[in-house]
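The structures come next, written out as structure tokens.
Shared between the two complexes below is chain A, which pairs with chain B and chain C, respectively.
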Partner chain A sequence: MDPESGMGERVRHIILQHGRLPTDIQALEDHADLYQAGMTSHASVNLMLALEAEFDIEFPDAMLKRSVFQSVASITDALERLQVSAA
Partner chain B sequence: MSVAIDVDAGFLNGIRKIADEFAAVNADDVDRKARFPVEALDALRADGALSALIPTELGGGGISFEAVAAACFELGRRCGSSAMVYAMHQIQIACMTRHLADAPWFEAYLRDVARDQRLIASVTSEVGTGGDLGRSNAAVTPSRDGNATFEKQAPTVSYGLYADDLFTTLRRTPDAEPGDQVIVLTHKDQMTLEQTGTWDPLGMRGTSSPGFVVRAEFSTDQVLPTPFPIVAGESMVPVSHLLWSHLWLGIATDAFDRARAFVRASAKQRPDQVPPTAQRLSHLMSELSLLRAEVNSALRDFTEASATPDRERLSTMASILRFNNLKIAASEQAPRVCQGAMAIGGIVGYKNDTPFSVGRHLRDTMSAPLMIANERIHERNALLLLIAKDV
Partner chain C sequence: MAGLLAATPDQAEFLVELLDHGLLIETGEPGVYGRGGGFERIREAFDRLVSRVAEPDGAEAMRFPPVLPRRHFEASGYLKSFPHLAGTIFSFEGTEQEAIEQEDVAHRHGDWSGYQRMTDLVLVPAACYPVYPAIARRGPLPPGGLAIDAGGAYVFRHEPSADPARLQMFHQREMVRLGEPETVALWRNSWRDRAEEVLTRVGLDAHPEVAADPFFGRAGRMLAANQRAQELKFELLIPIAGPEPTAVASFNYHQDHFAGTYGITMADGSPAHTACLGFGLERITLGLLRSHGLDHTRWPAAVTRQLWP
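Up next, the complex of A and B:
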């Protein structure tokens, strides 16, 4: 598995557990809007906390924005900027 | 720069005159009868004040946000209900002027507002979701001819019967999730409003805010293109909290002024003694200055954050917490100041028909903590505090 898809899978798994989406996360494209798919702002904070725990990172305030948590792709991108490796 | 300052100063002079000559003289009657403050609103229309925030390119006044906030304060000193109507209208205008990108219909509409001084009311709360701005039940529903309809059960619509247009939050489509919202502007002649209750509240009686079932049929151009969660975060929430706080500060300031007039009147009767109420007035001044400091610093923070590229700072958690805190602090402090003023005036403050009456002030500001329930805001803050870094 290449490292990027590995990260994407881990992110999807955390969204499945904490995003409380009414739809099936595996059916969503990487760029699909999670908020439109039914993620509430409450669930998005739970997701941020779970991502911090899973990847042992802290999102700086500048990253704690709606746009950063909008899709699997934008989350993966943010994690890469924080130099998280998928290993 | 100096031209802009002159324009703002001229606007505020006009507002002070309207506040004194129309809002103040009718405030008690508006309150007693729980009637719309028609005199003040007619005067504001005649002055062009309903389009103050609209840029001059679109025919508006091009007045700064700071000056409009000051106008809410000035009106609040004379009639809380008139100030609230004015503030709510400006909140809707701010949501449009700040999110005009790719919205030609809304540009044309704002020109109409400027020309005809149209008054806009808001339908955000809904039976079932209460004061939760971020969720809707009612939805934009496609109809024949590519138009759309909605039906919304609205528990409280201020000046609904007097507004020319309504700004309504809705789910994007009948299948959309409750948080996938848009905001829609509809005209009086596109709607029916079926009143579902009466309006006989404790305070803010002149806002005339009964419940309605609102039904509308409209063109899909009338849906603001920017998704509502972005409009709410960058504009509707902070602007509401700022303009409301300014008018609550205005009401509290007038209550303080009335208590001070009472203390001065007693001092004049016995010029050789400092009346005991003077010391309580000093305590009250400290409370009022805390309120004023919070309101003024929040306005500065908002102006600075709005000037960051893409208003980036306004979408941070620190910023959400900051303006939530303004709302909680100001809504609790304003009635506290009014109650302190009543304690100083004693019976003449308590009675409704003396120059020192502050009953209306107290009742009006008691609506502040429940206009978007503070506990709801605390719940949201509690969640954000779990993840925000700089607060």
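Up next, the complex of A and C:
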């Protein structure tokens, strides 16, 4: 996968599978609010668990909050802080 | 025994006092007590005080036994959020020979669970749970929605504790509001204020806090953070025993969770929103005993006038 866009695309793919959004994820900007777009609390938990499996990481307790999973950009930020490689 | 929560020294001491005065009655299981006459007089008086305060709401009364059809429970999502707190009813459906074997093992206090099968019932985890499917069965809500008084029902939480304020079976005095989102949110907020006033009237030093349910596991930590961020749950806390104040009432805005689960809609087909409030009647009784003394006949007149007008 292209390392420039890889992380964002992988995140979008997982949101598509687990976010249960009523709208098309590809139509949303990186900073668009996923909760506003219809993601429920339970869906955000499934998304969190799927991201952990996909990137082989564990979010620390301090990151298990609403704002971290609010948008493609905030998720990518969090993954970068956990030093996940996009390659 | 699985996961007994310890008590602080003053919680343990308070429990001994309650047992010595016959207010609670030992059963041998932590968090499961009989209630003495003195305890019940206070609990019932507070329950009636809530009824008087709620009267202007004109809520429809509904009472349910403390069991829930398993199908309704399974649909509710409770096992996703609180698998550790649920209680499921099992029973025996075997042969005469198996009945003899079961009794033999049970008599020796062995593991007789292998002779038991899950029934179609679970213990009610919160007094409002039977209300939603009952309302859904009626069809769309009338304009303005509905207010339901679910009474003071026994509910079960599997969390054995040596703290007398953490019971496995206790009475929750619940009220439910179903309707348009704004109506439901307003009702929830107005009851938070009314409830604080009621607790103050009986001499309890209550303060509200944004709160979260005791969701299970790491996923639960995130659900709790979501719940707090959206201020979906408030609690009123009072000092009982121990270093932290204890939640004695909660005010919960479910958005469309229960309406979506059971199919409760407004007349125009839009999903209803719901909220509930619950007073923990035993905790409030314990708070009153702790604040005013173990003999309610010697409580301040300003308090007894409210409870026994």
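The definition used in the following text is that the second predicted complex is superposed on the first by the 84 of 87 C-alpha atoms of A that agree within 3 Å, B and C clash if a C-alpha of one lies under 4 Å from a C-alpha of the other, contacts with A are read in each partner's own complex, and residues count from 1 in each chain.
The rule we apply is simple: contacts are C-beta pairs under 8 Å (C-beta built on N, C-alpha and C of every residue); 3 or more make two chains touch, one makes a residue touch a chain.
All values derive from a computational prediction rather than experimental measurement.
**Q** Once the shared chain is lined up, is A:P22 touching chain B (first), chain C (second), both, or neither of them?
**A** After superposition on chain A, A:P22 lies in contact with chain B alone.
**Q** Looking at A:A37, would you say it contacts chain B, chain C, both, or neither? Reply first, second, both or neither.
**A** A:A37 contacts chain B only, not chain C.
**Q** By the touch definition at the top of the document, which applies to A:R66: first (chain B), second (chain C), both, or neither?
**A** In the superposition, A:R66 contacts both chain B and chain C.
**Q** Spot which of chain B and chain C makes contact with more residues of chain A, would you?
**A** With both complexes superposed on chain A, more residues of chain A are touched by B.
**Q** Of the two partner chains, chain B (first) and chain C (second), which one does A:L49 touch, if any: first, second, both, or neither?
**A** The answer is both, since A:L49 touches chain B and chain C.
**Q** Can you list the residues of chain A that meet both chain B and chain C?
**A** Touching chain B and chain C on chain A: residues 41-42, 45, 48-49, 61, 64-67.
**Q** Which positions of chain C touch chain A when the two form their complex?
**A** For chain C paired with chain A, touching residues are 77, 80, 218-219, 221-223, 225-227, 229-230.
**Q** Which residues of chain A touch chain B in the complex?
**A** Where chain A meets chain B, its residues are 22, 35-42, 45, 48-49, 52, 58-62, 64-67.
**Q** Within their complex, state which residues of chain B touch chain A.
**A** 134-135, 172, 176-180, 229-230, 233, 312, 315-318, 383-384, 386-390
**Q** In the complex formed with chain C, which residues of chain A make contact?
**A** By the definition above, chain A touches chain C via 41-42, 44-45, 48-49, 61, 64-67, 69.
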